[in-house]
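Structures given as structure tokens follow.
After this come two complexes, each holding chain A, first together with chain B and then together with chain C.
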Partner chain A sequence: MITVNNLLFTYNQKDKPTLKNISFEVANAEIFGFLGPSGAGKSTTQKVLTGVLKKYAGSVRLNGNEIKNIDKNFYENIGVAFEFPNLYLKFTALENLQLFSSFYTCEQFEMNELLKRVGLWDDRDAKVEVFSKGMRMRLNFIRAIMHKPTLLFLDEPTSGLDPTNSRLLKDMIKELRDSGTTIFLTTHNMTDADELCDRIAFMIDGELPVIDSPENLKLQYGKKSVKVRYRKNNNISTNEFELAGLGKNKQFLSLINNNEVETIHTQEATIEDIFIKVTGKHLQ
Partner chain B sequence: MTTKSNTHQSTSILVTLMKFDVRFQVKQGFYLVYALVSALYIVILFNIPFPARSSVTAYLVLSDTSIIGITFMGALVLLEKQQNMLHSLFVTPVRLGQYLWSKAVSLTLLALLASALIAYVPGGLLPNWPTTLVAVALSSLFFSFVGLGISASAQSLNDYLAGIMLGGFVLCLPLVLYFYFPLLSLIFPINSVADLLLHSTETLPIIRIVLNCSIIVVWIFIAYWYAFAQFNKHVINK
Partner chain C sequence: MIRYHQLIRSDLKLIRRDPMLILSLLAPLLYTAMVIWGIPFMVEFVSVEFNTNIEKYAPFFKFFLMPVAPMLFGMVYGFILLDERDGGVISYLAITPLGKSGYLAVRMIMPVLYSLIFNISFIYISGLDVYLNTFQAILLSLIMATEAPMMLLFLGAFASNKVEGIAISKSFGVLLIMLIPDFVFQGTWLWVFSASPIWWLQRAVFHPVHSWGYLFGSAIVHFVFILLLYRRFNRRFD
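Up next, the complex of A and B:
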């Protein structure tokens, strides 16, 4: 779907490049996560991929076509939900959707059904200015997907959502992926990245030092050990054992046979641990 | 998630945007403000006897309603910036040119409406009405594009007001020349507009009407190019 080769972008010729020869590929129907601190170049990458910034060096191809040569039909096939909901506040939820819907000639999702799905049906005729942040995020999301884009850009899609609505949107994102939509997800949320993304890329200072699946990264950077919490004489204790030869480890076997085990966890790294380890920086 | 078929788009994006912009301006109170301003002008004009009423009306239209574009454009664009709408629009099939023309044409409709009320209800510019409306339409388009260009880089209403004070001064200063060199000074847009409006109670030679309109049309495209470049620089490529 997307092939990026040696992408170099500089806003002003006098400044240092914002994107420094980055290369990556995104496959069809893949959720590709882009992780990095503010100012790393994530938004600039998204602007290049959405055809907004065209004065780049290198190659950015979408289905084989160079993005800088795209025509307006390109926008029939992409959807973008920015981090901060972009909505006309004096207009109702339905009016906001109707305006954007009128820009597209392609087949679209049924607007009423989308509103019902994200729990905004009863508020469809209310002005957006009275909506909470969570309601605006949900409306922003369905506005980005209503024209059935083949390529969807999502920036912090669950920001400001309660757990129930966060789950709802994550389920919808997975459904879209399963129905063939390619999704480019920018996020600080490690749980979202871990749960949703087929592959993730870490962006630091305009470079991409790591691109891999969350599973591979966790295995590669995690400790190959297991931590056991157990109760002994009414006290909770913890012990850690190497995974190698665990089945024959007498100390481990004795512990689980002679004590009341509370929890057992393998010690794979979290995405945040890996990010800090690889880049030396925190995500927030 | 089921689908519906949107097989035919009955109206173009530009028309859709223009309709939406007019509704946006109504909801934001632009029409209410101008209804009140127009009512005030009409009351004042009814109290001025002819033939002075015609001249005062022409100067009112020239100095106010024909340049609504530059006055209101800042508020219009800043409201959209505040609501984070601009980037969302430019990642849809909406193109920058359509956005700019929609803004300029929609404010020109307001300018025409207000001008028609002020010019014709008290009867000051009742004769030669087509010239007046053409002058207002062209002037409003020109000043709207100038306003769009200035608003692109403005981050606050103060920024915008500073920009239009400077821009307005530069664009209106050549009007002084009109009273000394009426024909030569028509090269400036405000002078061509003034020539059409201030003569609207008598008949201007058709060639001079065409000349004035042509000059303003050229300036409209220069202002459009300026607005386009400013939006590309300060909004899209930022």
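Up next, the complex of A and C:
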């Protein structure tokens, strides 16, 4: 779906490049996560991929077509949900959807069904200016998907949502992927990235030092050990054992046979741990 | 076409929901009424009460009011644009099939259309048609109508939001003030006011011998203004 080769982008010729020869590919029906601290170049990459910034060097191809040569019809197949919901505040939820829907000629989802699915049906005739952040985010999301885009860009889609609505949107994102939509997800949220993404890329200072699946990264950067938390004489204690030869480890076997085990966890790394280890920076 | 049609309809909806924008659109109708009834009344009143004939200034008063309409129409659409930019809506519209160019076309063409209709009507209602033939009246109306996108681009280029827009839109009135000396005085030094695009149009009306030349000059000055403002606006747009 997306093939990026040696993408170099500079806002001003005098400045250092914002994107420094980055290369990656995103397959059809894949959720590709883009992680990085503020100012790393994530938004710039998204602007290049959506055709907003065209003065780049290198190659950016969508379904084989160089993106700097695309015309307006390209946007029939693109959906974008920005981090900050940019809606007409003086229009109702329904009026917003009706207006934006009129820009597309392709087949679209039933608007009423989308509003019901994200719990905005009862508020469809309320002006967006009275909506909470969460309600605006949900409306922002369904506006991005209503024209059934084949490529969807999501920027912090669960920001400002309560756990129930966050779950709802994540389920919808997975459904879209399962039905063939390619999703480019930009986020700071490690839990979202871990749960949703088939592969993730870390972006630091305009470069992509790591691209892999969350599972591979967790295994690669994690400790191959298991941590046992157990109760002994009414006190909680913890012991850690190497995974190798665990079944024959007498100390481990004795511990689990003679004590009340509370928890046992393998010590694979979290995405956040890996990010800090690889980049030396925290996500903010 | 349907996507443009929907954006135009939504603009009217936005205007209906904002009392200030409604008033700005209705103002040209109010001062047209003043031109029809107010100016003759004033001429007679001053003549009777002060024994002074100000009738020779009436055409200037009428012409002076004419560019206010395109400025107001441009301001209305400029305020909509500022609200859209402030709320990030333009960034979204730019990545729909409407595109940045389609969006800007609607924003610039609609106030030109309203202004064109108003200007032609105003020339005939106010009696300024005695100075121009039909083609000149239409051309002058069209050139003056481009002051609407000029105002829109001016607001887009220099204001960050509607509050700033209200403040800086008043500075556009300088272009109108620059018309006054040309009507009161005579001399080649008055060409210093040719920096005002409206000055050329005023000359086209009140110097009938050279109407075509002034109309031509006016078209060039308007074009240059719009081009410069568009470049400046475009830098902020991205």
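Note that in this section the second predicted complex is superposed on the first by the 284 of 284 C-alpha atoms of A that agree within 3 Å, B and C clash if a C-alpha of one lies under 4 Å from a C-alpha of the other, contacts with A are read in each partner's own complex, and residues count from 1 in each chain.
Following the convention adopted for this analysis, a contact is a pair of C-beta atoms (placed from the backbone, for glycine too) under 8 Å apart; a residue touches a chain by one contact, two chains touch by 3 or more.
Everything numeric in this text was worked out from a predicted model, so none of it was measured.
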Superposed partners chain B and chain C on chain A - clash or fit: clash
Chain B versus chain C as contact partner of A:Asn86, first or second or both or neither: both
Touching partner for A:Ile264 - first (chain B), second (chain C), both, neither: neither
Which of chain B and chain C A:Leu246 touches, first, second, both or neither: neither
A:Ile256 touches, of chain B and chain C: first, second, both or neither? neither
Contacts of A:Leu114 with chain B and chain C, given as first, second, both or neither: first
Larger contact residue set on chain A - chain B or chain C: B
Chain B versus chain C as contact partner of A:Glu175, first or second or both or neither: first
Touched partner set for A:Lys148, first chain B, second chain C, both or neither: first
Residues on chain A lying within both footprints (that of chain B and that of chain C): 50-52, 72-73, 75-76, 78, 80, 82, 84, 86-91, 99-100, 102-105
For the chain A and chain B complex, residues of the former touching the latter: 11, 50-53, 55, 72-73, 75-76, 78, 80, 82, 84-91, 99-110, 113-114, 117, 148, 153, 175
Residue ranges of chain A touching chain C (in the complex, touch as defined): 50-52, 72-73, 75-76, 78, 80, 82, 84, 86-91, 95, 98-100, 102-105
Residues on chain C engaged by chain A in the complex (per definition of touch): 2-3, 5-7, 10, 13-14, 17-18, 84, 87-89, 91-99, 102, 238
Residue ranges of chain B touching chain A (in the complex, touch as defined): 1-6, 8-9, 11, 13, 16, 20, 23-24, 27-28, 83-85, 87-88, 90-95, 236-237
